[in-house]
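Common to both upcoming complexes is subunit A, partnered first by subunit B, then by subunit C.
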Partner chain A sequence: MSQKILVIDDHEVMRDLLQEELQESGYDVVTAESCFDGLNILKEQEFKLVILDIRMPGMDGIEALEKIINANRGLPVIIHSAFSHYKENYLTWSAADYIVKSGDLQPLKDSIAQHIR
Partner chain B sequence: MIENLHFSNLDQILPGWFLLNLEHEITHWSEAAARTLGYKEEDVLNQHFINLLPDYRDDRENFLVHLQGSNPSSSIIHHQVKLKQKSGVIVEALLSLYPITQEEKKYKLITIEKVTEITELLQYTNNKKSQILDQYNLFQICQNDLEMKDIFDAILVSVTSGQGLKFNRAFLFLVDTHEKKLKGIQAIGPSSKERAGEIYHRLQAEGPSTLSEMIRLFTQEKSSHQDQVNDLVRSMQINLQDINHILIKTLYQRKYIEFKHEPGREPHESYKWLADKLNSENMLIMPLVWHGRSVGLLIADNVITETKISDQDIKSFIDFAEVASSVIISVRILSRLEQSITAGDEANIKLKESQNKLLEQEKLAAKGQLLNQMAHEVRGPLATIGGFASRIYKKLEPTNPHYKNMGHIVETALTLEKVLTSILDQALGKAPEKRNFSDTAKVINKITSLLGEEITDRKISVNLNIQGDLPLIAVPDHHLFEILNNLIKNAIEALEEEGLLLIVAKKTSDHISIAIQDTGPGISQADEDKLYTPYFSTKNKGTGLGLVIVKKLVAEYSGELQYNTRLGKGTTFSVHLPIYHQQ
Partner chain C sequence: MNIHGKNILTFVLAGGKGSRLYPLTRDRSKPAVPFAARFRIIDYVLSSCINSGLRHIYVLTQFKSLSLESHLRLGWNFLANELGEFVTAVPAQQRISEAWYSGTADAIFQNLHLLEDHRPEHVFILSGDHIYNMDFNEMYDQHIKSGADLTLSVMPIKKKEAHEFGVLTTDENGSVTSFIEKPQDPSTIPGEGDDCFINMGVYLFKTDSLVRELAADAREKTDHDFGKNIIPNMLSKMKVQSFDFTASKFGDYWKDVGTIRSYYDANMDYLKKVHAQSNKAETWPLRTLGEQLPSAYLGGAEIRVSNSTIGSASRITDSTIKNSLIGRNVTIGEGCDIQDSIVCSGVKIGKNCKIKNTIIDHRAKISDDKTIGYNLEEDKKNLFIADGLVILPKQFEY
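So, the complex of A and B:
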């Protein structure tokens, strides 16, 4: 059985890109367009890793990060954001990694391979 | 004894009299004095004389000493004083003092005459004036006084010109309360009889018809004589404490003196000093008094013509001195005002500048925020273009006609990402190069002082043991602060009241080791498992990220984090961080 990854991002095209690319790399990918949806999906299914955007309408990724980790101890979360400066914000430091969005997906895939449980 | 004296007669002719001993304590109080001033014998007997003076006088303590000089046998006749009645009303009176000896004991007999009541309002305003004078240092010579040269010239010309008081020479002295000195400031006339030159005579004899024309002419024709006489007067400075000095005495007595130097019969050495300095044996010393206080002195003489100083001259000079004092003080007030207005203007300009700067910074920040937002909006979609393009590109055979073009898209998207990053860096203004090292002792001291209030409130003893001259640590200030602040705060929060916190910092081979030890309850086995788990906290208000942050930062700087805990005994966290080596 392949490893399941949840992608939470409000941009549909980004969700599609990650889904296609990661599935091709052998992962089972589920996507959510908001943190609320993501948290609900996490309650029903078990995942090996979460990829989380920060700037999203409704609940933002920083708030969701605490909720995800509190509800799913040991689940690695990789922050995937277009902003680089949140890296300095210690509220993101509980995440397993912080990857700035780029057309080059290799760094993200390397991080997934490193952190997936 | 006192009773034997025929003082009782005095009661009939004087509104008041009393006796002082040499310590100026009241030893005998007359009925007349009791009537006039309202104090009964028991109120004042053995009390110091100064209790009769108004409270606002700043020279109360030494009032009589200044008045009498150091010679206890000298008398004072009709000195105008203000006295405080028992009711608090201030009265003005003429005070006289006569030293007397009775049965080998020395006393001072004080009589008061011409007692007039000052109204309360007058007393109040005088009091206020006195405060203002002190507050604005109006008796202090300041830099601006040098710019008052023209005013002083006008005063001195008025004293000397044919259209004015017609004295041959005039010297101006001013009190400097700051330096506690009477200082010679400016003078007019020849420095000596012999040096009386042609210009001076011409000015005296055939001078222009009006005083203002004379002042104008004088300022144009300043000769070397003036430099000499000015140098002379400026060399004269007398300490205000030197109360036996003729000039200081005149200042305190606030009454003019007709100075006559009679060689061989000098009451004080200053008589000879003054006669020698000014090369003159007859002069008029006129105090410049403003609202009861002496601003300075004017000295005038007729050293050239040797004309006798007449009573009319003295009377005119007294009137002129009053005008001169108020001119000097008014100009000082104006110049102080000008100073403060200028200072105010400068402050305004500075304020405006910093406001503009702030505005500029705000604009920059807003601009930065906007660009940041834009970058985010662009970077996301750009990443998807690049990402999809690269997915297609990887699937194309190099022989495919689109292979090369797809490669261009992938490459261009990545280049654009880099352009975006550099635009952002420029727009936000590159963060100032942060120093990548820090001083352990400084950071620890900063933290303990920030936590000082809590430490005091909870009666915690902090024991700092920092090895002297620790080398710099290879972690930037703000990150070392973050690491140690979290550990020290945790330790303090674990402590009971009156607990002990021990911080030890020392050098170990290539590292600096910092240990933070508390005498708290220790960490239970269950909690220990979750120690580095994010959002796990045993505290009510904790974020549960403290140790997560510490661990992450310590790892980032290739350091080590360890802890040692014993239930009921306490916990020690130790951080080992590398020493900074200059590149």
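So, the complex of A and C:
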């Protein structure tokens, strides 16, 4: 059975791109367009890894990260943000990794391979 | 070097249940338990903070915290807010999950946003339920000089008592080489007979190192405890240094009042210290909630008081008080004999009572002609007994 990944990102283009690319790499991908949706999906389904954007309307990824970590100890979360400065924020340090968005998805794929459980 | 003005944030962990101090902890957490019939246990650590110059203090509370929070609000609200100084209670807000703090490290992790807001360089993490005085400047100086990621205060105790604590070993430079929480067979200090170094729950972290460790620990399924997880994990990759408490200014006394007996003994030790009139106490005041009350009144031709403290507004007539701590606003009727006891504030004792080896909590009432503490078998029928002492809970009527 393939490993299941949840992608939380408010940009449809990014969700579609990740879904396509990661499915090609053999992962089973579920997407959510907001942190609220993502947290609800996490309550119902089991995942091996979460990819989380930071700047999103409603609840941002930092707040969601705390909630995910607290409710799902041992579940790795990779932050995938266009901005690098959130790396300085202590609240993001509990993520398994922090990948800055770029056209090249290889760093993200490498990180997933390294952290997925 | 003085830590006042340095970029330091202090957390006092004050969520201790104190189950073995029942019934003193029936309605309150352990740090809020009265001490010396005048203070609360938490007043010790907070006084040391203020006297040392630590002025940015968060007290992390959880269950049964009303009594503690009200004590902090009424008694510890004197710092200069305008200068950014504070002692603030932070109740477990269940901000990010619905659970209480699952361990000491989780209590800090769930309040990471406070570290993010303040961005301190160093963080003191202190336990709110121990009786000791400490000048944190000495520990800070060593922490800075050694460049440690974590400095933790240690003291030697006998091996037979050490299994209740975190036990550690150090090299000749004081660097911590092993750390085991509550070991079955505690490691002794080489060349010091059967003494072991124990962890006192006084930590000073570099903030970045602390956050890195808390974050890594939070990702895993662990007990999220400093003693069980964070410190042992740090040993292999970071610089963890011990601070020898016994060589410091107030290093002659530290007590974990975990049981009724140790609580009682610590109270009696306080009496001995008052008797010895320690000069240190004058420059290192123990602060608490101050109330505007008249002086105590001791009346009658037959009043005898020795080796005891009497709180403001208490009224005692024609009685004998010996080796006891009497709180504020206590009334003791004629013909009483009170020995080796702790009588907390607001207690009313009728006439002709004989009381020995007893702890009487706030606002309990004892009617005339009662004898307590002389025949435990008899007392057991009506009263709570622990460790050979009689305890009358808060507002108990007897």
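Heads up, the rule we're going with is that the second predicted complex is superposed on the first by the 117 of 117 C-alpha atoms of A that agree within 3 Å, B and C clash if a C-alpha of one lies under 4 Å from a C-alpha of the other, contacts with A are read in each partner's own complex, and residues count from 1 in each chain.
The rule is short, and it goes like this: a contact is a pair of C-beta atoms (placed from the backbone, for glycine too) under 8 Å apart; a residue touches a chain by one contact, two chains touch by 3 or more.
Owing to the predicted nature of the structure, the values given are computational and were not obtained by experimental measurement.
Asker: May I ask you to decide whether A:55 touches subunit B, subunit C, both, or neither, giving the answer as first, second, both or neither?
Answerer: First partner only, subunit B.
Asker: For subunit A, which side has the bigger count of touched residues, subunit B or subunit C?
Answerer: Ranking subunit B and subunit C by residues of subunit A touched puts B first.
Asker: Let me test your reading of the model: by the given contact rule, A:66 touches which partner, first (subunit B), second (subunit C), both or neither?
Answerer: It touches subunit B and subunit C both.
Asker: With both complexes overlaid on chain A, does A:43 touch subunit B (first), subunit C (second), both or neither?
Answerer: neither
Asker: Per the contact definition in the header, classify A:96: touching subunit B only (first), subunit C only (second), both, or neither.
Answerer: A:96 sits against subunit C, while subunit B stays out of touch.
Asker: Kindly classify A:76 by the partners it touches after superposition: subunit B alone (first), subunit C alone (second), both, or neither?
Answerer: Second partner only.
Asker: Now for A:11: first (subunit B), second (subunit C), both, or neither, which partner does it touch?
Answerer: First partner only.
Asker: Just checking: does A:104 make contact with subunit B only, subunit C only, both, or neither of them? Give me first, second, both or neither.
Answerer: After superposing on A, A:104 lies in contact with subunit B but is clear of subunit C.
Asker: Take the contacts of subunit A with subunit B and those with subunit C, and give the residues found in both.
Answerer: Residues common to the subunit A contacts of subunit C and of subunit B are 66, 69-70, 73, 90-91, 93-94, listed in rising order.
Asker: Write out the stretch or stretches of subunit A touching subunit C in their complex.
Answerer: 63, 66-67, 69-71, 73-74, 76, 89-91, 93-96
Asker: Where on subunit C is subunit A touching in the complex?
Answerer: Answer in residue numbers: 95-97, 99, 109-110, 112-113, 115-116, 211-212, 214-216, 218-222.
Asker: Quick check on the complex: what are the subunit A residues that touch subunit B?
Answerer: It is residues 11, 13-14, 17, 20-21, 24, 55, 66, 69-70, 73, 82-85, 90-91, 93-94, 100-105 of subunit A that touch subunit B.
Asker: Within their complex, state which residues of subunit B touch subunit A.
Answerer: Residues 372, 375-376, 379-391, 410, 413-414, 417, 421, 482, 533-535, 545, 548-549, 552.
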